[in-house]
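Below: the structure, in C-alpha cells.
For clarity, chains are labelled A, B, C, D, E and F in written order, and residue numbers in each chain start from 1.
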Amino acid sequence: MMKHIKRLIEIALDEDIGSGDITTDNLVEPDVMGKGLIIAKEDFLLAGIHVAGRVFKYLDSEAIFRPFYKDGDPVENGKTVAEIRGKLRALLTGERTALNFLQRLSGIATGVRNYVQIIENKNIRLADTRKTVPGWRVLDKYAVRVGGGFNHRTGLFDGVLIKDNHIEVFGDLFKAVEHIRKNVHHLVKIEVEVSNMDQVRQALDANVDVIMLDNMSIQQIRKAVSVINKRAVVEVSGGITQKMLKRLIHTGVDIISSGALTHSVKSVDISMHIQTVT
Amino acid sequence: MMKHIKRLIEIALDEDIGSGDITTDNLVEPDVMGKGLIIAKEDFLLAGIHVAGRVFKYLDSEAIFRPFYKDGDPVENGKTVAEIRGKLRALLTGERTALNFLQRLSGIATGVRNYVQIIENKNIRLADTRKTVPGWRVLDKYAVRVGGGFNHRTGLFDGVLIKDNHIEVFGDLFKAVEHIRKNVHHLVKIEVEVSNMDQVRQALDANVDVIMLDNMSIQQIRKAVSVINKRAVVEVSGGITQKMLKRLIHTGVDIISSGALTHSVKSVDISMHIQTVT
Amino acid sequence: MMKHIKRLIEIALDEDIGSGDITTDNLVEPDVMGKGLIIAKEDFLLAGIHVAGRVFKYLDSEAIFRPFYKDGDPVENGKTVAEIRGKLRALLTGERTALNFLQRLSGIATGVRNYVQIIENKNIRLADTRKTVPGWRVLDKYAVRVGGGFNHRTGLFDGVLIKDNHIEVFGDLFKAVEHIRKNVHHLVKIEVEVSNMDQVRQALDANVDVIMLDNMSIQQIRKAVSVINKRAVVEVSGGITQKMLKRLIHTGVDIISSGALTHSVKSVDISMHIQTVT
Amino acid sequence: MMKHIKRLIEIALDEDIGSGDITTDNLVEPDVMGKGLIIAKEDFLLAGIHVAGRVFKYLDSEAIFRPFYKDGDPVENGKTVAEIRGKLRALLTGERTALNFLQRLSGIATGVRNYVQIIENKNIRLADTRKTVPGWRVLDKYAVRVGGGFNHRTGLFDGVLIKDNHIEVFGDLFKAVEHIRKNVHHLVKIEVEVSNMDQVRQALDANVDVIMLDNMSIQQIRKAVSVINKRAVVEVSGGITQKMLKRLIHTGVDIISSGALTHSVKSVDISMHIQTVT
Amino acid sequence: MMKHIKRLIEIALDEDIGSGDITTDNLVEPDVMGKGLIIAKEDFLLAGIHVAGRVFKYLDSEAIFRPFYKDGDPVENGKTVAEIRGKLRALLTGERTALNFLQRLSGIATGVRNYVQIIENKNIRLADTRKTVPGWRVLDKYAVRVGGGFNHRTGLFDGVLIKDNHIEVFGDLFKAVEHIRKNVHHLVKIEVEVSNMDQVRQALDANVDVIMLDNMSIQQIRKAVSVINKRAVVEVSGGITQKMLKRLIHTGVDIISSGALTHSVKSVDISMHIQTVT
Amino acid sequence: MMKHIKRLIEIALDEDIGSGDITTDNLVEPDVMGKGLIIAKEDFLLAGIHVAGRVFKYLDSEAIFRPFYKDGDPVENGKTVAEIRGKLRALLTGERTALNFLQRLSGIATGVRNYVQIIENKNIRLADTRKTVPGWRVLDKYAVRVGGGFNHRTGLFDGVLIKDNHIEVFGDLFKAVEHIRKNVHHLVKIEVEVSNMDQVRQALDANVDVIMLDNMSIQQIRKAVSVINKRAVVEVSGGITQKMLKRLIHTGVDIISSGALTHSVKSVDISMHIQTVT
C-alpha cells in the first residue's frame, strides 16, 4: 500500500507545485521554521491522517507530525486533528495537497460509517466495489475499512467475478464456471453475477462460492436467498440507498456492496492554520 | 495534458489488472473480437469521452473507438454514447476503468453546468480551485471547462495568490505584495485573499491585480466591490451554495470560485454492454 | 502480463546494450536489412517464443517475426523455430537477449513437462511456488503452465497461506485462521502449512480450504489424507524428486508443488543464424 | 551496481507483494518487532548476503541486519548465516524474496568455485559470458567473481567481440577488424571469434587483441595456441563440462568461458526462522 | 526545483557510471574514507554549489559537504570553494559529474553578472529566455537569478507570449489577444512579439500587458517606447551584445532578454583534489 | 543511444510544456495542420537533425519530417535545413525545444570541425572528454563524431583511466596498474595520466596501453614522446587552444583531447517559420 500512496503523493505534489510555488518561495526564506494546525470544520470520521503527514514529510523529511486522533476516530467540529512542525515553506506549499487527501478519505470513511450504523447486524458485510477513483484504489478501499466497511476483491487479479458481459460472450454460465475452475489457482473463489432465478439455479449447479444478485427487487432477493439456502454466499449490489439498505438487512443476504461509497464522495471540511516558529 | 492522462490511465489499469484479469483471461481466447456500447443510464453533460477511448486503446492499440457525442454535449438517459470495437479481452478488462473515468468527469461537467445556468450573466466567471482530487488536477480542470466554468491558476506555479497563512507569516500584506512583485517574472499577476475592508484597502494600495474576498457576507461583498471600484478584479470564494450563488451574481463580483465543483462530485450513471463479434 | 514482460525486456536490453553495441554499430550501417533464423540445438518444449519476438520488435518496431512453432509445441534438435526479418543491427544486437529469454523459459517448460509425464493422473496438479527468479514471476509461472503444470497463488496478495513462521509468531493455528477469515475479502481461500497430525486436525477444525503437508514422509502423507477425508484440498510440498513424485501420486493428494521447477532450471540450447538480406 | 540491485529488489517485491501481503497484514500488527535467522540447509559458498539484507531494509528502513559470514565464505549446513531484527511484518513479507536472491547468487558462486578448483592453474581465467538471466547481468557477474571466476565484458558496450554472425554479414574478418579499430575509442580491445585455422591466421594478421576459439576440439585448440604463439590472448568457449575442463587446462589457453555458469544454475537450500521479539 | 535537480543528477551519474567505475572500484576498497577539496582555477561568480554537494551525497548519503562560499559569492582563483568528506569511492566517482554541474552553472552566473554590471540601471531587468539546454531549464534559470538577472516565464505554461508564428497562423494580432484573454485564467498576463510600429499600435489597442520589440534598431526602439508611453511594459530581445546593451539601457525599455545567457555558456575552470583520510 | 535521446526529449518537452502551452492551445484548434521550415541563420556544420525531427514526432506521431541536409553536411546561412508537416499545435509547441537541441549539437559539431581542420594530420585523433553537459553524454559525443572528432571512453565503465587523484590515494602508479590489470575484464585497456617524466617511466614499466600527458609544455611533450617511443599510445590533454593545437600536431602525439569541445559551446543560429496548411 505504501508504494501506491507514495506514488500518488508524488503525482499530487508534482501537479500542484510544478516548476515552483512562486508565492511561498518569494515570501519565505528556505530555513524559516513553522507550525501548522489541522483543524476540523465539521464533525467527521477521520481517515488518512498519516497520508497528510507524509505529504509534509515528502517536502521536509525532518518535519515532525503529531496526530491527536487516529484513523477511525470521530472528530468534532473545531478540534485540532494534528500538528505539524517543520520548514515553513513545506507547510505552506503542502497544505492544499495534504488537505485534499485528508478531506476525501475522511469523507469516504464518514459516509461508510453512516451506512454501517444503519445495518447494525454484525453478520452482514457492507462492501465496496471497483468503482473507485482511478489512481486511488488502495486508498479508497482503505478508507472503506476505516469506516467499518469491508473490501470486495482488490481488482481483477484476486478473485473471479463472472459478470453479465462475461456470460453474454461465453454463452453459458455453468460451462463458464467449469472452465475457469480448471485454470485458476486453488486459493481463489468464484463469484457469479445473476439477474434471475434461472441463473441462480445454474450458479448453484456449478457450485460457485458466491452469488451476486444484480438489481433485483426485495421480493426477488428473498426468494433467491431461500433457493440458495446457504449453499453459496449471497451478495446484493446496485443502487443501494439508505432506504433500500434498511429493507435489505432483513432479507438474509450476506454482503451488500455499493459503488457510491467511493464514486460519489462528499469531502469533509478541514482547514489548516500556519504560523512562524521562532 | 496528454502526459498526465496517459500516466493516470496506466496507474488505473495497473491497480485494477495487477498480475492479470483472471476472469476474462480464463474465459476468452486472446484473438476473439468484440464490440462494446457505452450507454447513458441518466441525463448528463458528457466529459472525458476520449479518455474512455484511450483506456481501451491502451489495452488494444488497434481498437476502433467511435464516439456518438462529443465533450460538452448533453446526453439523454438510454442513449448510446460511443461504440468500441477491438479485442474482446480489452473490452472486458478495460470496461470498469473506462467508466470510472467517464462517470466522474461527466459528473463534474454536469454539476458545473447546473451552476453556470444559474449565473446566466456572461460577465461573471464560475471558477474552480486547487481542491481537486490528487492525481486529477488537469482532468478535473478540463471537466470544469467542459461544463462552462473557468479555471483558476493550474497550481502553485502559474499565478501568485497570497493567502491568509502567507500574510500571517510574512506580517504585512502591502510589503508582501511589493516583495513578490520584485521577484516574479513579468507575465504573472498577483492576487491577494482578504477577509476585511482594511485588507481590501491595503491590497488596493499595493496595486494588486485581483482581490479575493474570503467568506464575506453579501453585504460586505457589496461594500468591497464599491470600494475596489474596478481598480482590481474581484473574486469571491468559500461555501458557494446554489442559493448563495443567486445572490452573488448581483453583487458586481467578477469571479465566483468553488471547491465543491471538484472535491464533492456525484458520478453520473453509465454502463457498457459487450458482445462477441464474428 | 504484458507490462511485466515489457519492463523486463527493457531492463535486459538496457543492461546489455548500455551506451551502445560497439561491435555491431561499427560494422553495420543503420539501414541494412537482415534475416535471422532461430534454431534448436537439442529437443525441448517451446515456451516464450513471443517474448523473443518482442525483443527484436523493441529494437526495430517494423521487424517481422514468423514463429514456426507455438508455445507448448515439442521442438526437435535442428529445427528452425522462427524467422525474423528486420534491421540487421536489431538482429545482431538483440540476438543474445532474445535467446536468453527463450532458453530459460523453454528450459522451465521442458522440465515441468518431464514431471507432468510422470504424474499421468489428470486429477493431481503439479504446481509451482513463489521460488521464482526475482523479476521473472509472471514469466516463470507462464512457462510452468506451458509445460502442463498449474500455478499456485501469484504472490502474497491473491491467496492466504499461513506458514510455519506465521503460526510461530501468532501462536495458535486455529485462531490465526479465524482472525484472517474475518478480514480478507470474500473471494480468497485460506491455506495452512502443517507439519504434523495435530496441526492437520486444528486446520480441519478451523475449516480451512487447503492444507499443505510440509516435508512429511509418504506414510505421514497417507495418514493425513485419510484424516482429512476430502474436507479440504491436500497439497504436498518440499524436496520433490522424480522418485518421490512416483510415490506421491498414489497417496491421494490433490496438489504437488515444487520450487525446483523455477529456481533450478537447466536452459535448453538454441542458437541464431543471421544473414544480410539484399 | 547499486542502482541495478535496487531496481531489481523493487521489482521483486512489487511482483510478490502487489496490493498487499494479506496473510501477514491480517495476522500481525504493524508495530510488532521480530527477529529472523537465515539458516544454511546444505554446504555452499555464500554470495549476495547484502542483497538479502537490503530486501528487508527496503521494507523496514530501520531494520538491523547482522551477517555472520561474508560473500566468498564457505558456509556449512546448519549454520546461521545472518540475523535480521526489525518489524515482524517486514521479516515475514520479505522472507521469500530475500531467499530467492540469496539462493540463486550462492548457487552461482558455488558452481563457479567448483570449476575454479578443477583449474588450479592461477594463470587461466574461468570467465562468464553474456548468457545471464535477463535483469540479473550485474548480479550474475558479481556472483561469478565471488566464486573465484572472472568477468568477460559486461555487455555490448565495453568491448568489441566480432562473432560468426558479424563476419557472415560483413564478409571479411580482416577488414572488419580494420574497420572497427578506426572507430572505437582507444581504451577498448578487439576480440574475434574463429572456428578454423584460416580464421586464426586472418585474426593474427589483423592484429586483434584476443582470439576466441569456438567449439574446437582439444587437438585443434592445441594447434591454434601454437600458431598464435602469444601474439594474442587465447579464449576458448562452448560446451565446457568438468571433464572437458580438465583437458583444456593443459592446452595453453588463457581464458575458458562458460555460459552454463549463469544460465543453468542450481539454487542452494537456505531457510529462515522468524520469531516475535518482545 | 528539487525534483528536477534530483532527476538530472541521477541521469548524469547513470550516464557516467553505467555498469561501474572500473578504475576506482578496482583501486579503492569500499570502506576507505576520503576528503576532497573543490578549488577555483580562475575568478568567477559561484552558482550551484549545493548541486555539487548533492552529487556526492547521492553516492554516499553520509558524506559531509562544507561549502566555504555560497551561491552569488565571487570566488578568486586558487580559493577552496568547498570540502567534502565521505567514502573515497564516492569522491573519485562523483568528481567529474559534480564539477560538470558546478562549472556550467557558475559559468552562466558569471556571464550574467558581467552583463548586469553594464546595465547599472536598477529599473531595467536583464531576463533569460526559453533557449536553455534541454533538461536544464530550472537550473539554467536559477543560475541567471544568482548572476543578478531575472527570469522570463518558466515555460509555455505560465505566461502568454504571442510570437510571429502565432500571428502568422492566427491571422490577426488584435483578435488573437481577445481570443486568448477570454480563455486563460485570470492570473496570467499577455505579451505580444511585434516587429513594426503598426503591430505596436495593434498591441496597444488590444490592451496587452507586455510588448516585445523583436530585432528592432535602436532608433525604432526609441520610437516604440515613445508610442507605448507606459501603457505596456516594453521588452527587447534578439542579438544582445555588450555594445548593443550599452545603447539599449538609454532607450527607456523595461526588460532586455537574451538567449545567449544560457545557450552559449563558457564554463569556468574548477578542479578537485582528493586525499585518503585515515 | 535512442533510449537516452528519447528520455532527454521527454524531459525537455516536460519542462517547457508543463501543464500546457497556453498560448498555442488557446489560439489553434487541435486538428489544424501546418508546415514548418527550419532555416539556417548562419553557416554551420549540421548535427542532430533527426533529434529535432523526433521532438515533433513526439508531439504528433503522424508528423512528416523531411530533412534536406544530413548530419555532417555544411549548411549555408539562409538555407532551409528541413521541412516538417503535422499538427500546427505540435509545430508551435515543439519549435523551441527542437531548435534548442539542433542549435547546441550543430554548435558542437561546428566547433570540432574547426579544430579538426587545423590538425589536418589524419593520424592524430582529436578526442572529447567526460566534460559533457550532464544528461547529454551520448548526444555531445555523437556531435563530436559528426564534427570529425573521436570519442574518448564513454564513461567510467568502458575504459581504465588512472588519474592524479587515483595515484594520490593508491600511492604507487606501478602497483595501481598491476592491481587493476588483475581484475578488469580482458577487453579493456589501461591508460594512466602522468605529469612528469618519472611517472612516464613508471607507466612504461607497468606496460600501460595509453599514457596521458597532463598539462605539460610542448618541450616536455616532445621529450615524453621520445622516451615512450611507440611503446604506448600518447594522449595530451588540458587547455587546448587553437594556437596550442598548431604546435601540438608536430610533437608526435597520437591523441589530443579537449574538454572545451563540449563544456563551452557556442550555439549556432537557426530559426523556424511556421504556416497553416489548408
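As a working rule, a contact is a pair of C-beta atoms (placed from the backbone, for glycine too) under 8 Å apart; a residue touches a chain by one contact, two chains touch by 3 or more.
Here the structure is a predicted model, which is why all the values come from computation and not from measurement.
Common neighbours of subunit D and subunit F under the contact rule above are A, B, C, E.
With respect to subunit B, maximal separation of chain centres occurs for D (centres as means of Cα atoms). Subunit A and subunit D have Cα centroids separated by 45 Å.
Subunit C and subunit E, compared by their mean Cα positions, are separated by 53 Å. Centre-to-centre spacing of subunit E and subunit F amounts to 21 Å, using the average Cα coordinate of each chain. The multi-chain contact residues of subunit B, meaning those touching 2 or more other chains, are 4, 15, 18-20, 137-138, 154-155, 157-161, 188. Chain-to-chain contact here is organised exhaustively, every possible pair of chains being in touch.
Contact residues of subunit B toward subunit D in the complex are 15, 18-19. Note for the complex: subunit F touches subunit E at residues 4, 7-9, 11-12, 15-24, 26-28, 32, 34, 88, 92-93, 95-97, 99-101, 103-104, 107, 130-138, 154-163, 165-166, 168-170, 176, 179-180, 183-184, 188, 259-260, 263-267, 272-276.
For subunit B in complex with subunit F, the touching residues are 1, 3-4, 137-138, 154-155, 157-158.
Listing the residues of subunit F that touch subunit D in their complex gives 125, 127, 150-154, 157-161, 185-191, 209-210, 233, 235, 254-255. Across the interface of their complex, subunit D is touched by residues 14, 18-20 of subunit E.
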